[in-house]
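Across the two complexes that follow, chain A remains constant while its partner is chain B and subsequently chain C.
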Partner chain A sequence: MTDIAHTPRSFGQIVDEVLEPSPMQKLRKRMFGNYSFLAGLVIILLILAVALLAPLLAPHDPLETNLSNRLTNPFWHDAKTLEEHPLGTDKVGRDYLSRLIYGAQISLLIGVSTMLISGTIGTILGVTAGYFGGRVDMVINFIINTRLAMPVFLVAMAAVVAFGASLTVVILVLGLFLWDRFAVVMRSITMQARDLDYVKAARAMGCSTPYIIVREIFPNVLGSLTVVATVEMANAILLEAALSFLGFGVQAPTPSWGLMLNEAREYMFFSPWLLALPGTCLFFLVLAINLFGDGLRDVTLEKGR
Partner chain B sequence: MLAYALKRSFAALLILIVVSALTFSLSHLSADPALTIGGAQASDEDIEAIRKLYGFDRPVYVQYFEWAGRALAGDFGKSYHYGERVSFMISQRIGTTMTLGVLALLFALIISIPLGVVAAIRPNSLVDRIALLIAVFGQALPTFWFALMMIIVMGVWWRWLPISGNDTWAHFVMPTIALGYYATPALMRLTRAGMIEVLGSDYIRTARAKGLSPSVVLFKHALRNAIIPVVALAAVWFGFMLGGSIVIETIFNLKGIGWLSYDALLRSDLPVVQAIVLIFASFYVILTLLSDLLNAWLDPRISVR
Partner chain C sequence: MKDAEIIAPALETDNVSCVFNVSQGFMKGTKPLRAINGVSLQVPKGEVVGLVGESGCGKSTLANVLLGLQAPTTGDVRYSGTSAAGFSRKDVARRIQPIFQDPYSSLNPTKTIRSIVSQPLRIHNVGDPSEWDAKVDEMLDIVGLPSRSANNYPSQMSGGQRQRVAIARALIMRPEIVICDEPTSALDVSVQSQILNLLQDLKDELGLTYLLISHNLAVVEHLADRVAVMYLGRIVEEGPADKVFANPRHPYTKALLESVLTPDPKLGVPETHLGAVFPNPIDPPSGCSFHPRCVACMDICKSKAPRPISSEGHMAECHLMEGDAQ
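What follows is the complex of A and B.
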């Protein structure tokens, strides 16, 4: 049996044994060990780069029509198109690749702005309910339950009909509807954080309520807040696509993936790629956001899944 | 328990009142129904006459109470577009939507429960990871796009299934899969989490120690307990599925109330839209109430809180 004390070790190994890794090192280790988090992050960054660099990447103007060059085939059906229109053109001769590239902008814009609006509403409601409890909690809980009872998709369609279909209306309607999960999660976490010793100490020291909420409670809810934010962002992107697909969302000629699916529907039998491509883009964006969110939960929270 | 049940029922009723008032005022404040009924050719006098005839000239709250009073008796007025009684239009189509909802839920349970159980038997094993992967992919797949791809592949290329209408059971296969798969990730994760918790409990160890066969322990002792929250969540999902039926019924031309609400929104047919919002909301509220009461009955600690 070899004596452990006599095995030769490098200086680095000794340091590693003596020093505990710092919290930041642990976090970094967990982040890079989590494939779902990494894969999600990489795809999101890729799509974000495509969206930001759209004017440079897109071979054509996504709105430029050319009626003499309608519904051309993508390169795997017709190699000649590879240079001009690699993924073919749509029913009015717009370059499909350029529309897909610009579509990333629309989906990300909808996802991020909806998430910011609903996140603000939900966090304020949830933290207030959780921190004050009692009557306040009862009222806010009732508001949450009322919101949950409303069929989001149907009411969103009705609101779009009432206020006119546009990108702004879709963002506002979804933002005003998708705060429920934020409120539910924030409420229960704030309730737990409220009774932590250091929060009690802050209260005993006479800190003001806003100070306690912002400085003592908020850092506790931040991890869950980001996880819910990813879920709701994905949700908003899917809902916008479905609304636009039914004609109750973003209006033509905006290159929204949902709207492109709507326009492609009548050609589904002869040009199925018109349907397959925007849907695949949607799938990868939502998949990446979900992977990132799942990974983030495993990385930041003690209990996984 | 009785006090808890009464309190919850009262809250449920209050939620329905608020939801109905919100939808009613939203639709009446944003669009002038007289313009919809009169159509583009109507003169100002015609519009005025229509307003008087339908009572639109009265304050919104008076109209609401009149509408709500009748709605309680099951009378939702007449469709602006078809002139038929809304209650009749809905009663003719609600069966299709209910059939679709029940089938979709069964489909989701049949997939998710076995998958969740198998994943829970060996957490972090290959099977568990595959199940998780299926869940993550399923969540990212846009429902309506999945439906369209199924139509292309199973309906057009392979000619297995009819793609439109609701004449036979075969017409329900694709809509059921499209609507049902979306609920599987949530139900599977809950089954898995519940089974892992139950399998680690003392009474399961006792059952194993008694020498009972693994399958008896698994199904008779563990699953029976782990499945309760899954059933409760499934009830809530049924409410969500009714909302999701709008897109699916529209795509497959399945003439249930989801399709009806789409049709009514295209024609700004407010009485129909209001009635369907209220029906969807009632379903959600009643199912949530039942699942809460079921949980409280099984776990008496809940009703004391």
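What follows is the complex of A and C.
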């Protein structure tokens, strides 16, 4: 009788030799085979490096004005400027390249902090609703629907008018508003995970509910969470740019790409690069985040759908 | 019958019912669904009781009640004679553990095998944490896995290996009772017998008591000492396995035994005379709940529910038995 329990040991050793790669190894392999993920990652890392190293990279103080040297042309129009102001100056004579470099800081700061605030709110609401279901789910669904019924842009502008425009207000308003997608996605994924047998096994083992949510369910919804987080980060960056462009976001003289677009509006036909440069920066950052998020979804979700 | 037993059964349910209120739609109120309706079942220590019945008859709800995951609406669950009424979830967990059907969903894919198997030790904070690794290795050895596999993730293992991990996790706290909920039906046929033999060996080595839930009658016949047949939330027949299989008393049990597929393709799909319709448990039939599908249905079956009648430790709930028993 007992030998039956022990014979598989030899089987086990054979199986061990042809062992499948570990999840980490598989993940690494999928990462390096996914070009949109890699491209997004490279651009994001590049922009992140520029933002972090801004004081070293920027040739000038982005706030330093020089009215005698306004609206100079970039190097492709005027080779003389290459050394002093490679991308020219804006309407009050600030170095455009330095402003673009520091603008990356603002965009990333807004993207990351908004994503952290809204991600926390949305994940807590969504996981709670998905795990407990029933009445709790009804209440949280009502909160989600209430939020979805409010136009983000109008409420954001109203809040800015009420509390005054500043970087903090923009981050808080966006953070307190963009959690709906987190909540909806986390809710449905938690609902799927909660009915799996490993959760039942944990409950039968005597695990407490908070332990089950944090240690059993959360690691399994983390993949989807990061995908939503990247999408929402891109969304927040675009919203900040739009708010700043309308004058409801970050206020001058802070170098924000959206604000730079706003300030360049009147020179659109004479100095189109004033619009094109911050626009291109925004475009590449958002494109990179979306590529990264898309790639991340393919990389992390097994049987890549 | 109770007086004859010197030791209290390892697991006992006394008239347990479980009623869910099912919503009938918006603003229409709720209707009660009796998932389990007055089940009294005894699992003697060291024995294997097979619980059979078709999908939706309440087997899994009964398992949840026994595991302490679902509070019974009425009735009492007793572990070795002690009522579970005052037990915390951890108290129940120390006595009874489950093995689930699908080893692909019963192991958390983000954890290593070592973490999965040692989890009960960590939750219950048993002994010295420095001994946990050794305990996991010992348990893996008992279920026939190399200790090297402790650092693997479930996705690196086959279905049979995963089921061995699930068994190791269930047994590491040395519970008295294990509920095996379809332990082999998600596995390849070639692996099923390995797992069944493992369960059999573990029972003998560790002195376990099993409640084996299955709709595979061959599995039940192979392992079980006693068999309980469940239909629409009630135990309709219960008795020693050999007697129930050789001489079924309830028409439903007879139909179940006739429905077993044979390897000979010439015989075709067996005719069960049951019809296709399983009654809606929200709206159960009057009298004997089995009467609309019963081949031996009499007038009394439509109006009066049969009472349990036992002889020689073999119980059945059927009006057909009234004549024989008296």
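The rule is simple: the second predicted complex is superposed on the first by the 283 of 305 C-alpha atoms of A that agree within 3 Å, B and C clash if a C-alpha of one lies under 4 Å from a C-alpha of the other, contacts with A are read in each partner's own complex, and residues count from 1 in each chain.
In this text, a residue touches a chain if its C-beta (ideal position, glycine included) is under 8 Å from a C-beta of that chain, and two chains touch if they have at least 3 such contacts.
As the structure is a prediction and not an experimental result, all values here were calculated from the model.
Visitor: Answer with first, second, both or neither: which of chain B and chain C does A:F153 touch in the superposed model?
Guide: After superposing on A, A:F153 lies in contact with chain B but is clear of chain C.
Visitor: Quick one: is A:L291 in contact with chain B, with chain C, with both, or with neither? Answer first, second, both or neither.
Guide: A:L291 contacts chain B only, not chain C.
Visitor: Once the structures are superposed on A, label A:F245 by its partner contacts, choosing first (chain B), second (chain C), both or neither.
Guide: After superposing on A, A:F245 lies in contact with chain B but is clear of chain C.
Visitor: One more residue to check, A:A202. First (chain B), second (chain C), both or neither?
Guide: Touch partner of A:A202: chain C, not chain B.
Visitor: Determine, under the contact definition given at the top, whether A:P59 touches first (chain B), second (chain C), both, or neither.
Guide: Neither: A:P59 stays clear of chain B and chain C.
Visitor: Per the contact definition in the header, classify A:G33: touching chain B only (first), chain C only (second), both, or neither.
Guide: In the superposition, A:G33 contacts neither chain B nor chain C.
Visitor: Shared contact residues on chain A for chain B and chain C?
Guide: Shared contact residues on chain A: none.
Visitor: Looking at the complex, which residues from chain B come into contact with chain A?
Guide: 11, 14-16, 18-19, 22-23, 26-27, 30-31, 132, 136-137, 139-145, 148-149, 151-152, 156, 189, 193, 242-244, 246-247, 250, 261-262, 265, 268, 273, 276-277, 280-281, 284-285, 288
Visitor: Which of the residues in chain A end up touching chain C in this complex?
Guide: Against chain C, chain A makes touches at 1-2, 4-9, 11-13, 15-16, 19-23, 196-198, 200-207, 211, 216, 219-220, 302.
Visitor: Across the complex, what residues on chain A touch chain B?
Guide: My answer: residues 36, 142, 145-146, 148-155, 157-159, 161-163, 234, 238, 241-242, 245-246, 248, 261, 265, 268-269, 272, 275-276, 279, 282-284, 286-287, 290-291, 294, 305.
Visitor: Which residues of chain C touch chain A once you look at their complex with the stated criterion?
Guide: Touching chain A from chain C are residues 67-69, 88-90, 92-94, 96-98, 100-102, 105-111, 119-120, 123-124, 141-146, 148-149, 152-153, 155-156, 158, 161, 164, 166, 169, 194, 197-198, 200-202, 204-205.
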